[in-house]
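After this come two complexes, each holding subunit A, first together with subunit B and then together with subunit C.
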Partner chain A sequence: MDELCTGLCQILVESGADAGLAQFLSLLVGVLLVSGIPLVTVIVLIWVERKVAARIQDRIGPNRVGPVGLLQTIADMIKLLSKEDITPTAADRVLYNAAPLVSFASVVLIWAVIPFTPFHFGVDLEIGALFFVAIASFGTLAIMVAGWASNNKYALLGAFRVVSLLVSYEVPLVFALLVPVLLAGSMSLLDIVHAQTGMWFVVLSPLAFVIFYVSSQAETGRAPFDLIEAESELVAGFNIEYSGMKFGMFFAAEFLHVFTNGILMALLFFGGWMGPLYYESPLIAFAWLGAKGGLIYFTTLWLRNTVPRLRIDQIMAFNWKFLVPLSIANLIFISLALKVMQELGASPRNLAEAGFVELLPTTVVLLVINGAMTIYLLGLLRKRGQEARRESMAARVPLAQAAAD
Partner chain B sequence: MELNAITIGFVVFTIFTLGGGFGVVTTRNLFQGTIWLMVSLFGVAGYFILLSAPFLAAVQILVYIGAIAILITFAVMLTRSVTRIKERYIRIVPSFIGSLLLFLILLFGVTVPIFGSHLPESAPQYVASTRDLGMALVDENGYVVPFLLASVLLTAAMIGAIFIARDEKAKGG
Partner chain C sequence: MNVLNEWAFIGVFAVMAPVFPALPIVIAWLFRPRKPNVLKSSTYECGVETIGDTWVQFRVQYYIYGLIFLVFDVEMVFLFPWAVAYNEMSLFGFVAGFLFIFLLTDALFYAWKKNALDWK
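Let's turn to the complex of A and B:
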């Protein structure tokens, strides 16, 4: 019981409060903070996303409400809140209303295990990484329920497409997630960050990072995997019947999910809060995490606004015929190399206590393996591309002849 | 029974598990039945948390709710008349015998170890880490044989599924 009572709780006890009450209050403050931070962040995120998208498309973006349009989201929120709350007559009332809540909660719950600084986190679960995957599956469920409960064929078709996409891309996501877990020897996010003291995992296995990046882009339904919002094909997809704040919750969940993934990637591959002077103050550590997460978040926005949407069969083929085998091979090679290195004594068994120099041999070997795989893959991709081009050329020749005749 | 957080949690998760199960067998709507099933499975995940097995709880949610239940919803939507099922399963005698047998098996399974020569350690005192679980799975004295057997079985099932789902044309080549 005593070890639970630190920080605010300790101060309260010293100033004469009841121990149980003090513990409850400090836990309550913690819960409110962890769930409150994402809720406030999302307001800013929507503005950032719209502004970045606008700049990439050579527009100005929101610029009327408040300085540089900063208050635009607040105005939008008031609009969404004051709209009529419509539930279609033929909809399944309970499920229809529960789906947006589950969708948003599935994202906010991830923040419970995110360590903001070495000392500030919601909870350090032994199964942190697995918790993230398990919670993310609730998001899939919410979309399925929303699509079905709306009782609209476009919603259902959209939900089908999205769920098949999400379920498929969960596979490479988990395999890529296993690499940091394997390297750190722990599923706790705190341990994973501590294990990167000597070397960031993105250096040890860049391929795992790329796979994680691509599949989380798909998991959040962003271009080139934006089947969720294929406006031209499905009107709006699974959320077509939703309006007002219920639509707003889906919307906010998606925006927050993208940023959450940025933070997660910073934690898993970029050393989280590690950076010059992070040990001086928790604020500096927090700033490092925010900067890294924000940078990754920015690249996802950049990608989203640059590339066109893929067809669903292309997306599925890319996942099952390319990403999944690649992620499995990556995991096997890395675990094998790591074990051999450890047996030979060239690699430290506990990465958290190893410095930069001790990790150099491991880094070089793993980097070489990753580089070799990348070169092989690029060759493979080029061969496939050439074959596809030859086939399409072969199909075009008779057509051209027929047209000439 | 002492009223503490664990007791309250037990009551809540029991309501989830049993209520979900009741929902599954009473609803006339297959899709809602699937959702009730998920509620029930979620309750079981809660039990695992109470028994200090967070790994099993996460796997329960990931595998049962995230994968199996989603697959069931897919299958349900491919069947005709999801919502208005008129037929009732009314063969009382076989159902009665089946449920009685299941109840007896569960009764023996739960009570026999308790009345044995030794009392099992109560779960909250014995905290096994995920690391212990992993070691037990690959330990010669642990569960390495069942683990390998299960892996072989799953691989065989997967190959079988791929073979069944293959194109007729592709089978020749």
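Let's turn to the complex of A and C:
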């Protein structure tokens, strides 16, 4: 994007435009190009989401408008355009109207730092990872504002849950994010991908990936964490009072957020665009990134349509008493093991220049640590699950006896 | 690209980002019907008129979660530079960062023992 902007800027200046204006215009073109990708993707994503959900539920899904229903989203958009937009009299008008904008904008803004190929990206911020965390929390804020400004009991309950759920799951998310940052020694997403030349980070730290995956599923508010819009208890949660295009924007933002997280996980843990022949052409690199991100996105859809919703106390206990301690322990063990190996000279200090062979001892040690932790955790979870079952069975015995009497 | 230009890009992007969702809403505003009435724009409720004030205080449990989150969030911002410098760090800097994480864990277990993490 850098060369493009500079080149465009030069052409504009040569054709007699003001230097400041030329710079602004070239930046604008760059922004439109980068944001065009998520904006076009989201139209396809809505179709994918509906089709996958339908197939999992043994339905066909949209198949009437266009070939295999591909134009269904367009038809829905036209329908939403002609829908009356109802603003409740009791609502806080400014916040009520701002919330869908902030919700969608926060997701699109993440794409500013996402590198599509080694050479094509919006900007390569030195604090890219932190930028993602900061912008993603705007989405949380938007949902909370929407629930509060609607002045509706159900929407407010949804907003309450946002405060606890989304905010809590950000802690393990960021702790898991620290692991790739620590391994790469940089917060820039480009550097993080380059550091995975020798070995993908998902191999070096599978647990960090699992933690990131689970908490990003919670961050996007999807099943089994979809408490904020629980259809059966809160009717629709935070977006209950929204109609027409504003409602559509919330949904587009959610679908896009899930896909964005898929792409981010591909970048952080699966080597981004790296794959056979990626250096041959930027198109191949882009295809690799899209394929990896798409695969992760598909598994989140699968998860969403398979598992039932959890209770709020279960979700909070799972986060604070399991995921947060686990993510801290993971960070401690990984950083300790890596430092010991670096001091002994068994592990390279710069992963970007290290090959597969040089990284082999590090990989083995980290994998063994992760494996040991996983075995211990599975045992712990099984024990805890048995206890919980025994407790609830003990509580049911008197009830069953009373029924028998 | 120099630093200022990078942030100029982010700046233009941040200004443009709300325009994308605003555009369809504005287009819809041109086409959509406008027939509001008192009943239609009243607050949604299940079968009855909504009772009492909606804008009530949040339960204190939410504030406790919010506070614990704040502690962790602020401390994590300090951990990011530590993680970036990790590969070139001396042993002293590493141990200092480690102590910091242990203090953080200590705070979590304190909250745990005080039952602040239980949903009530």
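Here is the rule we go by: the second predicted complex is superposed on the first by the 379 of 405 C-alpha atoms of A that agree within 3 Å, B and C clash if a C-alpha of one lies under 4 Å from a C-alpha of the other, contacts with A are read in each partner's own complex, and residues count from 1 in each chain.
By our rule, contacts are C-beta pairs under 8 Å (C-beta built on N, C-alpha and C of every residue); 3 or more make two chains touch, one makes a residue touch a chain.
Keep in mind the model is a prediction, meaning the values are calculated, not measured.
In the superposition on chain A, A:Leu32 makes contact with subunit C only, while subunit B stays out of contact range. In the superposition on chain A, A:Gly371 makes contact with neither subunit B nor subunit C.
In the superposed pair of complexes, A:Val167 makes contact with subunit B and with subunit C alike. By the touch criterion stated above, A:Gly20 is placed in contact with neither subunit B nor subunit C.
Once the two complexes are overlaid on the shared chain, A:Met144 sits against subunit B while remaining clear of subunit C.
Among subunit B and subunit C, the chain that touches a larger number of residues in subunit A is C. By the touch criterion defined above, A:Gly355 reaches neither subunit B nor subunit C. By the touch criterion defined above, A:Leu95 reaches subunit B but does not reach subunit C.
Touch criterion not met for A:Gly379: it reaches neither subunit B nor subunit C.
With the contact threshold set out at the top, residues 125, 130-131, 148, 156, 160, 163, 167, 170, 187 of subunit A are in contact with subunit B in one structure and with subunit C in the other. Across the interface of their complex, subunit A is touched by residues 1, 5-6, 8-10, 12-14, 16-18, 20-22, 24-25, 27-29, 31-36, 38, 40-46, 50, 54-56, 58-59, 61-62, 65-66, 68-69, 72-73, 76-77, 79-80, 83-88, 91, 94, 97-98, 101, 104-105, 108, 112, 117-119 of subunit C. For subunit A in complex with subunit C, the residues that touch the partner chain are 1-2, 5, 23-24, 27-28, 30-32, 34-35, 39, 77, 80-90, 100-106, 108-109, 112, 122-125, 129-131, 148, 151-154, 156, 160, 163-164, 167-168, 170-171, 174-175, 178, 181-182, 185-187, 235, 240-241, 244-246, 248-249, 252-253, 312-313, 316-317, 320-321, 324-325, 328, 331-332, 335-336, 338-339, 342-343, 349-351. Remark: subunit B residues 29, 31-32, 35, 38, 54-55, 58-59, 61-62, 65-67, 69-70, 73-74, 77, 129-130 touch subunit A in the complex.
By the touch criterion given at the top, residues 92, 95, 125-127, 130-131, 133-138, 140-141, 144-145, 148, 156, 160, 163, 167, 170, 187 of subunit A touch subunit B in their complex.
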